[in-house]
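So, here come the structures, one by one.
Two complexes follow with subunit A in common, the first pairing it with subunit B and the second with subunit C.
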Partner chain A sequence: MPTQLLFGTEVLLNGLMAGVLYALVALGFVLIYKASGIFNYAQGVMALFAALTLVGFMDGQVPFSHLINAVLGTDIHHFGWHINGFVSIILTMGMMIVLAYCVQRFVFRHLIGQEPIILFMATIGLAYFMEGFGDLMWGSDIKKLDVGLPQGGSFWIEENTQWLGFGNENFFGFFIDKLDIVATVIAAILVIVLVLFSQYTKQGRAMRAVADDHQAALSVGVSLNFIWVMVWSVAGFVALVAGIMWGAKSGVQFSLSLIALKALPVLMLGGFTSIPGAIVGGLIIGVGEKLFEFTVGPLVGGATENWFAYVLALLFLVFRPQGLFGEKIIERV
Partner chain B sequence: MVPAARSVRGRNSHKPKTRKLMQMLDAGPADETLLEVSNIEVIYNHVILVLKGVSLKVPKGGITALLGGNGAGKTTTLKAISNLLHSERGEVTKGSITYRGERVQDLAPADLVQKGVIQVMEGRHCFEHLTVEENLMTGAYTRKDGKGAIDADLEMVYNYFPRLRERRRSQAGYTSGGEQQMVAIGRAIMSRPETILLDEPSMGLAPQLVEEIFNIVKNLNEKEGATFLLAEQNTNVALRFAHYGYILESGRVVMDGPAADLRENPDVKEFYLGMSEEGRKSFRDVRSYRRRKRWLS
Partner chain C sequence: MKLKLISAAIAALVAASPAMADLTFSSLSYRTGPYAANGIPFADGYADYFTLLNERDGGIGGEQVNLVECETGYNTEKGVECFESTKGTGALVYQPLSTGITYQLIPKATADNIPMHTMGYGRTSAKNGKVFSHIFNYPANYWDGASVAIKHLLDINDGDISGKKVALVYHNSAYGKEPIRTLEELSKKHGYDLTLLPVDHPGQEQKSQWLQIRRERPDYVIMYGWGVMNQVAIQEAVNIRFPMENFIGIWWSGSENDVKPAGEAANGYKSLTFHNVGSDYPVYEDIQEFVVDEGKAAGAGDQIGTVLYNRGLYAAMLAAEAAKTAQQIHGTSAITPAMMRDGMEKLEMTEGKMTALGMPNFGPSFNVSCENHGGDGYAAVLQWDAKAGEWNMITDYMQADQDVLTPLIDDDSESYAKENNLTPGCN
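Presenting the complex of A and B:
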């Protein structure tokens, strides 16, 4: 095999893995958008907040320690214990459910029946609030997140793919990060569980019913508040998973919340209302931007990854506004 | 083979239910009032006064019709009862609504469904992206009596609406208007309600379908003992099927009485059925002040 093709394949594989992470963030958007028609600008910040909380629990950090120290003149930062990663994840999930309840109780319950733009503005406010709240609670320094997921290139894959080079001295086998593989597997499981939940359970059916028609769902006795808390909790869980993956990859820091912006083109590609769309969209963007960088990048001076996704999204907006898998608007006359 | 087997199972499964309903009917007096609305006032958006004191009674086991033209307040009355006003920025500011003697106007819609009052909204309001069967199953959301009972009721709904059985796997958004109305009614039945608030079932349907739907309503009323409060613009059809009627005009009840009497009433004939002693007459010829005078006298 020629070297170019081999490298191209490696880029493609890595692109797929990166795409999975985009898809994870996009998934959180889709869930909330489907069930409540709210475009949740705060999804990225939720991932950041989840990751911060997780690190805080694992390291036994004292919440609001800076505030406490400033007010009381003390100097405490840690409880001095460390909590096991798995237990911390469960605690963090509990935290996300509390958050979902509060968001519903204090923000969106008062906005039922308002225009979508007002709901959207509320999520922007929420995003900034949570960003500041996360900082206040856990500090704004960059943190290392290690829940015990395998990291680094897989030697096994490298050794077992070296023969593809057929003696080519420049080829040492495919380099694939183990974390990416784990992320892919987890994302796949997550999506399967979500699809099963929404298709085959009573709550899942109610969730889809609410997405179709709020009033009618109310009229058959579905409690909108309950469904929305549930959906925000599920989105919180997805944010947690995304936060763990990105946090493990690049540290827990503010820029984590900016990956939400990368989810926008993913959504435009896949459609705002489709779970499979979020996955396929994520993969297309991931692969597309890596391959584009690999092929066209050198000709235009590189850094195409910064804009490729958005240009692709623009093209989609022009030619297929509902995205690849977006629900066709059913309109009978 | 298969349909035969199905219908046998269906018949078996709803026999005990009919018996139970018969017992329930025997237990209480036939003229027991289930729902009582007294002198309610509804305001939208804090400024728009829509209902100006509406009172009505719905007896158990009857079909009560709420008649009137566009904007008379029929839908608002139903929504005030089912507590769906809040999400439309409306509220009941005066008067009271009681169900079985219990004040219900501060309950959530879901609680009311559990008490046995469910609304079928105007304009059908199906869940378009769910299949017909999934739509019906959402009606059973508040029930806790197990899968067996729910499946039996699903079978019963399919027996009342055989068309829905044929289309059970299609997306509700792609079914015809009549089928969507059937889905909406069937979905309400799946909650096993005592009282169904049916808003404008004839809207946008061909006369033949309207007849079909009303016959099913009548069947449900007679065989299952369901109580109906029916808002309808089609006075002619509604008065043929209902037992009692209330006529609303701009947020007030202007007349009420047994359906048979209303049918014979000269005013109703003239204003709503388009007939008068001198034969058919155009509605345009009737001056509004004359109408008002006659209502009030």
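Presenting the complex of A and C:
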């Protein structure tokens, strides 16, 4: 096989894996938008907050320790214990449910019936609030996240694909990051669970009913408040998964909130209301930007990935505004 | 009646305002936002040194120091707002802590006759004081960093790197692009092959760049990164099993924050520096006694001895020494920003002076002059010891290749002078 084709295949495989990570972030946006029509600007910050909380629990960090020390003149930072990753994830999930309840109870309950732009602005405020709150609660230092996920290139894949080069000394076998493989498996499980939940459970069906027409759902006894808390909780769980995957790569730090930027073109491509759309959109963006960088990047000086993702999304907006899988917008006058 | 009310309001405002200290220093810090983890230690070190001078020495030359901190969030617009809102306090010198903010403030600070110190960042050609009268970038700049990195590669290759492959992984911004021309010129001189690999902001996704490195197998990788880009790059290098000892970051890619997320795998990673590391200096004993124990440490007081804390401390020390020089030149302790500029231009940092300050071998010795606002371009190489969790300086301070850099600086600064209709010269 020609070397360039092998390298192109490697880029394509890594693009697919990167796409899965983008899709993980986009999923949270889709869930909330689908159920409540809110474009949740705070989804990236939710991933950050979830990851911060997870590390905080694992390390036995005292929440608000800087504040406590400043007010009381104490010098406490840690409880002196460590909690294992699994239990910490459960505790963090509990925290995300509390957050979902608070968001619904103190923000969006008061904004029912408001224009979408008002709801969007509220999520911007929420993002800034949560960023500051997370800083106050857990501190702004960069934290190592270790929940036992494997990292680094897979030796097995490298060794077992090296023969494809037929003795070509420039080909070392395909590089696939083990973390990306794990992320792909987790994302697949997550999507299957979400689909099963929405199709086969009472709460899932209620969620879909609210998504279709919340007034009709209300008229048949569905509690909007409960459904919205549930949706924000599920989005919080998705944010936690995204925070773990991205945080394992870079450490848990405030830049994590910027991963939302990676989700926007995915949403434009896949549609704001489709879970499969988020996955397919993520894969297209991931593969597209990596292959574009591989083929065209060297000719134009590189760093084309963000540009490519947003230009592709723009093209979709022009020719198919609802995205690949989004519901077609029909407004009668 | 209206007049009386206005007078009373003004009187109340004046009474409520804090008393103006004699020497005001500004600190354009970023304790919030995506880069807070880097902004906090620098701001803490900067503040703690001035607190130390106030508590131990009664200020500088008998004048108490008033530090005015303004939060920029590492955002250029906010940085400019901070400058505009604090310059009325009589701030003697500005340290914008961002290349973006620096570029915006160069003409403003010059017009307002306020000096600016951009230590290891900003516009490199500001070293030419004949053009950039109010901008100082001693002791080293971005181009010095690139040159010292190559010098280190020469040292570990017995002076010959011809035919070697060197890749530059850089933040795709004005900052990240700074070393390109220097590295290109040095590649002509030393015969290495240079590959340029830009990374889009913020740098959370670098798979393409590191796959390319894995394909092309460069002998060495130099990085000009910032924030999350650093941590991801080091992790990606670990992932492709790139030898860490062949990976060298600029000083903005060399703090504890950058290496700790990768754990022990980051062991051996190198970084440049223009100041020393650790807290094994007499000045730290004073900081403990006069600042920390007195409950006057900046922030949470948990950054002492980190690389970026030391950088903030070093910046404050250089500012204080320039202020002392200005006081001596003008024969007054109550100096103005214009006098501070003169002090910065006559600054002489010797080993004897640093030892007397409790900071022996903390930074390179250098002199500043009207022609040379950037010092002598000395930097050293640090290496990360993951097990011990500390940086070790593994070389002496090395001087950048002035034969290559001086013409580049002259060329760039002359272009700036032409664009802005300036007549270069020294008073």
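FYI, the second predicted complex is superposed on the first by the 328 of 333 C-alpha atoms of A that agree within 3 Å, B and C clash if a C-alpha of one lies under 4 Å from a C-alpha of the other, contacts with A are read in each partner's own complex, and residues count from 1 in each chain.
As a working rule, contacts are C-beta pairs under 8 Å (C-beta built on N, C-alpha and C of every residue); 3 or more make two chains touch, one makes a residue touch a chain.
These figures come from a predicted structure and were not determined experimentally.
Novice: Could you look at A:223 and tell me whether it touches subunit B, subunit C, both or neither (first, second, both, neither)?
Specialist: The first partner, subunit B, only.
Novice: Tell me which partner A:66 touches in the superposition: subunit B (first), subunit C (second), both or neither.
Specialist: A:66 contacts subunit C only, not subunit B.
Novice: Tell me the contact category for A:4 with respect to subunit B and subunit C: first, second, both or neither.
Specialist: neither
Novice: If you stack the two complexes on chain A, which partner ends up touching A:212: first (subunit B), second (subunit C), both, or neither?
Specialist: first
Novice: Tell me the contact category for A:112 with respect to subunit B and subunit C: first, second, both or neither.
Specialist: So A:112 only meets subunit B here.
Novice: Which partner reaches more residues of subunit A, subunit B or subunit C?
Specialist: C
Novice: Do any residues of subunit A touch both subunit B and subunit C, and if so, which are they?
Specialist: Common to the two interfaces on subunit A: nothing.
Novice: Where on subunit B is subunit A touching in the complex?
Specialist: 82, 84, 86-89, 108-110, 112-114, 118-121, 125-130, 134-135, 137-139, 141-142, 171, 173-174, 177, 184, 187-188, 191
Novice: Please output the residues of subunit A touching subunit C within their complex, sorted ascending.
Specialist: 7, 10-11, 14-15, 17-18, 66, 69, 73, 77, 131-132, 135, 139-146, 151-153, 170, 172, 175, 177, 246, 249-251, 253-259, 262, 289-290, 293-294, 297, 301-303, 305-307
Novice: If we count contacts the way the header does, which residues on subunit C are in touch with subunit A in the complex?
Specialist: 31-37, 40, 172, 196-202, 204-205, 207-209, 211, 214-215, 227-228, 231-232, 235, 238-241, 257, 260-261, 263, 265, 295, 300, 302
Novice: Touching subunit B in the complex: which residues of subunit A?
Specialist: Touching subunit B: residues 112-113, 202, 205-206, 208-209, 211-223, 327, 330, 332 of subunit A.
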